[in-house]
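Before anything else, here is the set of structures, which you'll find just below.
In the two complexes below, chain A is the common chain; its partner is chain B in one and chain C in the other.
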Partner chain A sequence: MMGQMIVNGVVTAALIAPPAVAFSMLFGILRFPNFAIGGYITVGVFTGYAANVLFGLPLWAASLAAMLAGAAVVWASDRIIFRPMRTSSPVTLLVVSIALTFVLEHTVRLVFGADVRGFDLPLERPLVFGGMHITRPQLYLMGASLLVVIVTHFLLTRTRIGKAMRAMADNSQLAEVRGIRSVLVRVMVTLYCGALLGLSGVSAGLDLVIEPLLGWGLTIPIIAAAILGGIGSVYGAMLGAVLVGLAEEFATLILPSSYKIGVGFAMITILLLLRPYGLLGQPEIKK
Partner chain B sequence: MQTLISRRRVVTGSTAAMLGTAFVPRFAYASDPINIGSLTPNTGGGAPYGGNMAAAIKRTVDQINAAGGVLNRQIKLTQEDGETNPETATRAADKLINVNQVIAILGTWASSVTLGIMPKCQSANVIQMCVSSSSDIPLRDTKGLVFNFQILNPVWGRALGQLALERGYKRFKLMALNNDFTKSILDGFVDAVGAGRLLEKPFYYNANQASYKSEVSHLLEGNPDAVFIPGYVTDFTAIYKDIYRSGYKGRVITVTFAASAPFKAAVGDAAEGILHGYPIPPLDSPAYKQYLREAGLEDNGQIQHPYGTLCRDQISVLALAIQKAGSIDVDKVKKAIVDVSTGPGKKTVYNVLDGLKAIRAGEEINYSGAGSPVEFDSHRQTVDRDVQLYEIKGGKDVVLTTRKG
Partner chain C sequence: MLAYFVAMATYAGFFMILAQGLNLQWGMTGMVNFGVAGFYALGAYSGAILSTRIGIAPELAIALAGVAAGVAGLVVSLLTMRLREDYFAIVTLGFGEIVRLFALNEDWLTEGPRGLRIPARPFDFGLSNAVYSLVYLGVVALVVLVIYAICERIRSGPYGRTLRAIREDDVVAGVLGKNVLRFRVQAFVLGSVFMGVAGALFAHYIQNISPDTFMPMIAIFIWMSVIVGGYGNNKGLLLGAGIVIFILEGSRFLGDFTSIVTSQQLSSIRIILIGIILMAVLRFRPRGLIPEPKFMSEFEKTS
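Entry: the complex of A and B
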């Protein structure tokens, strides 16, 4: 039972780690918590569904379509809504992003309806190792999630654009003075994070169920993982995801499962009281 | 020349006139429309049914209005989406009561929604007509304003529990969505199978979770012969995927709207063998056949629009009761609701227009509906609805048996 709970927690972590990384990166550049991630995930999963079920494409191609749709919608929402409002307060932008989630989810509902759906992929019986069970798609999900974290780390530390992203996240005015093209960086970040969120939509559709509120249901654990790990830290987001996943699993040993989300958040509150910038985040120096 | 009316007098007089009209009581005139609201689950867990329910109410109101209305007054219908969410529904009920000034709210589906809006309806003296099954509904209705067109859960749960016993299952575990609907259906199931056959006390999960894996691991611990999981299609689909992926070989039992067509499409062949059941419309009733024609559906012998039919019955019974009461006084109307729907020795009518004609001719009527015969007990709960039980075979619902409600 204990081993299975760890497996369950890691699978959940694999599901929420990539969008937590995306949330963290978007926060670094846009400087507000973008709650529209739920809407972006919903757009991603339904694009993947349309490509896979309605157009008969294989799942890898449907995932690619979801990544493209995610990139397009995150870029477009930044270009049309958030960039013109960049002088507004973070609280205003946060509220606008919540509204955007509802707009995106209801648009999806208008087009596809409210019924639950699934990809054109048969459910599989599990592989069993030492009494613990896991399915092949869940192994792929964990592999993909790990790959996303490694690629993102490589992008941020080994490429010029990645270094520019970090510089912008650190101090955008100073970065601009040093010749970094802030608009280009912003475009690249939104496209990259959009692709991650689109891919996360497909992962969530495989693990849970495809429906318009799928993204909204994942929003709180994703943001919790990003905050717990430390905003701006890629590995922190992954660690945060693992801790949130495990906390929710193990909470059921202590309390009825209808209270499990509360236990996870109690843990986050205590950790943040002790370390406000998250587990792997850096304290922000204000002058 | 001296003016007869000074400017000061004009201002004083106008102000007095305006203030005066503000305190004139608002009278309902015979030509005023009768305001009725609907609060159907167009989105959320009840979404597969909400559209049919809202459409059935609208269609019936249109029929009534086209035939001259009730008491020579048109019905003004205001329709809201409760989102299968008690918080949203409560806000919508506020609007229906205070802005639209409805005398009745029809079409609530989730028990949590019906119970959630009940305090507002009770304090505003507004009639509620629902298709919810929680046993708490009659207990909390202190003013006799709630008319439930669905049978209560214990009947439903018992039918499923009896089926499980007949199949020879002896060890059960139960898990349910954490809401008002499921608690009493679990009671009925436990009543049928016996508490001694449960490996553990039933437990609950919340909707919209990022993962149900820990709940599923807990549910399947001890490898029970069968598990009973009443929930909505959204959470049940995610849970069932995890059950299947865990390698569980026992039997899964649920309620029909959780294992509906979208569920089967989402999980494919993995749905094979699931047992489920729910209260059904009387398929041979003339009212059910009329409903199919009104909704443009073919009579294929299968259950269609199980909740849309009940909503046709709600608005029909309400309109007939208003005609019978001769006014929209809620106390008279609620008494008339039982008069026009319940009791022997009356002329049976199967649609609202025939019923209105009969009442105008001075006849006593008993409306027999598309969703049920509509017979209320002393707690204003529908009795006499059958429960049909199914097994999913080859991707289709195969009828196993029908039990009397």
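Entry: the complex of A and C
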């Protein structure tokens, strides 16, 4: 029982860690909480679905297609909407990103309808390890999540572009003065985060059911994880994902499971009141 | 056709009341409330429960629903007032979702997803349905006017100047000796009361409410009303709410589309349209169609 809850919590954590990292990285460059992540995830999962079920591609190829679609849509939305509006206030951009989520989700709904779908996978029993059940797709998504964490770590610490991303997130003016090409970094971050969000869509489709509101349902736990870890902190987002995953699972001991979404919110509210800069974040120094 | 117009105008009235509440909170005072749907739902459910389960006269239940939403507004604002504005947005959005989850899960009180039926009809003197819908529209219009008068009075008076000063820079307002926290909480509570009244009026009009009526989408419709009209401007948001309702409901006048697109697709198209208009307005006319008049002192006007 306890072991199964930990497994479920870790699966949830693996599901929301990559998008939480993407949300945090996007925040570092765009400087506002981009609520459109739900819409990007929905685009990703339906691209994967179309590739897998309609065109009969294997799951790895479908994931690749979803990553390409995610990268394209995040880059395009930045190019068309957010970059021209970068001087607007964060709240204006927040409203725009929520509107964008609804536009993306309802465009998907317009094309595919609101029916519940699933990937084309062979039916099989869950695997059992010492009394704990886990399905093969859940193992896939945990592997993908681990890969994302490792790749992101190497990208940010070992490559020139990754270091430039961190410098931009830290202090964009100083980075520009030091000769970092801010537009290039911005494009790379949107492409990378888009690919992560597209992949997250496929992961979500493996663990949950595929429907247009899938992304919106995940938005809250993802943002909760990012804020818990300290917005802008990539490792914090991973830690936050684990905490949210476990908390949602263990909350079912005292609350009906239908209140799961509320747990994320309660955690953010309490944390923001006690430690507004997150667990691993730095307090912002005001001028 | 007339009945349809009356229904559309009544809906526009609910949206206008909600938009007035949001304008007081965000447009005037700068508090980013994304939990509009939550306060609307809270008003609707508390009004409905008071009049159907406890048997209070529906007119009184509507007023009490405003009080209930106001109390919720007091708690939410006291808890979150110190937060940065984007965090404030996330927490209020969370409040809205929690209210909806509560209504969805606590069937013993709210009938859950089956929906709560409200047989009580306020302001009913044994009228026929056609006349009653006109009377109800009149009542809603009266509430809109009263709230408009209150908001205009606030906006043009010294109280409104203080609120706008807090919106522009709360530190400066504080340095000038204004109790920023108290003004913010007061504005938030009053806005919540308006939203609660709108919810209870809606519940007694539609006579059947279920949690999926109160999706976070409502918040975007109301934000759009305030933004398109021009924030901080009470006249503009009446126009904005009218435009939103026209897009949501008015496409029915364009003739019979059902041969080309299904009703579900049509509802998606409406929401896409609303989203695109909202983004376009924020991009090209960020201060709305009727921008807030720039404040000028008497001295500047005469010179």
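We adopt the following convention: the second predicted complex is superposed on the first by the 276 of 287 C-alpha atoms of A that agree within 3 Å, B and C clash if a C-alpha of one lies under 4 Å from a C-alpha of the other, contacts with A are read in each partner's own complex, and residues count from 1 in each chain.
Convention: a contact is a pair of C-beta atoms (placed from the backbone, for glycine too) under 8 Å apart; a residue touches a chain by one contact, two chains touch by 3 or more.
As the structure is a computational prediction, the values presented were derived from the model and not from experiment.
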{"item": "Overlay on chain A: chain C relative to chain B, clash or fit", "value": "clash"}
{"item": "Touched partner set for A:Val103, first chain B, second chain C, both or neither", "value": "second"}
{"item": "First (chain B), second (chain C), both or neither touched by A:Met2", "value": "neither"}
{"item": "Touched partner set for A:Ser258, first chain B, second chain C, both or neither", "value": "both"}
{"item": "Which superposed partner A:Pro122 touches (first chain B, second chain C, both, neither)", "value": "first"}
{"item": "Touching partner for A:Pro90 - first (chain B), second (chain C), both, neither", "value": "second"}
{"item": "Partner chain(s) touched by A:Gly217 [first = chain B, second = chain C, both, neither]", "value": "first"}
{"item": "Which superposed partner A:Ala114 touches (first chain B, second chain C, both, neither)", "value": "both"}
{"item": "Colliding stretch - chain B into chain C, listed as 4-12, 22-30 or 112-120", "value": "112-120"}
{"item": "Shared chain A contacts, counted only where both chain B and chain C touch the same residue", "value": "109, 113-114, 216, 220, 256, 258, 261"}
{"item": "Interface residues, chain A side, partner chain B - complex", "value": "1, 4-5, 8, 11-12, 15-16, 109, 113-118, 122-126, 128, 133, 135, 138, 207-213, 216-218, 220-221, 245, 248-249, 251-252, 256-258, 260-261"}
{"item": "Of chain C, residues touching chain A in the complex", "value": "32, 34, 79-80, 82-87, 89-91, 94-95, 97-98, 101, 104-105, 216-217, 220, 223-224, 227, 264-265, 268-269, 271-272, 274-276, 278-279, 282-283, 286"}
{"item": "Sites on chain A touched by chain C in the complex", "value": "32-33, 81, 84-85, 88, 90-92, 94-96, 98-100, 102-103, 106-107, 109-110, 113-114, 216, 220, 223, 227, 256, 258-259, 261-262, 264-266, 268-269, 272-273, 276"}
{"item": "Contact set on chain B toward chain A in their complex", "value": "42-44, 47-48, 178, 203-206, 208-211, 213-215, 217-218, 221, 233-234, 237-238, 241, 244-247, 262-263, 265-270"}
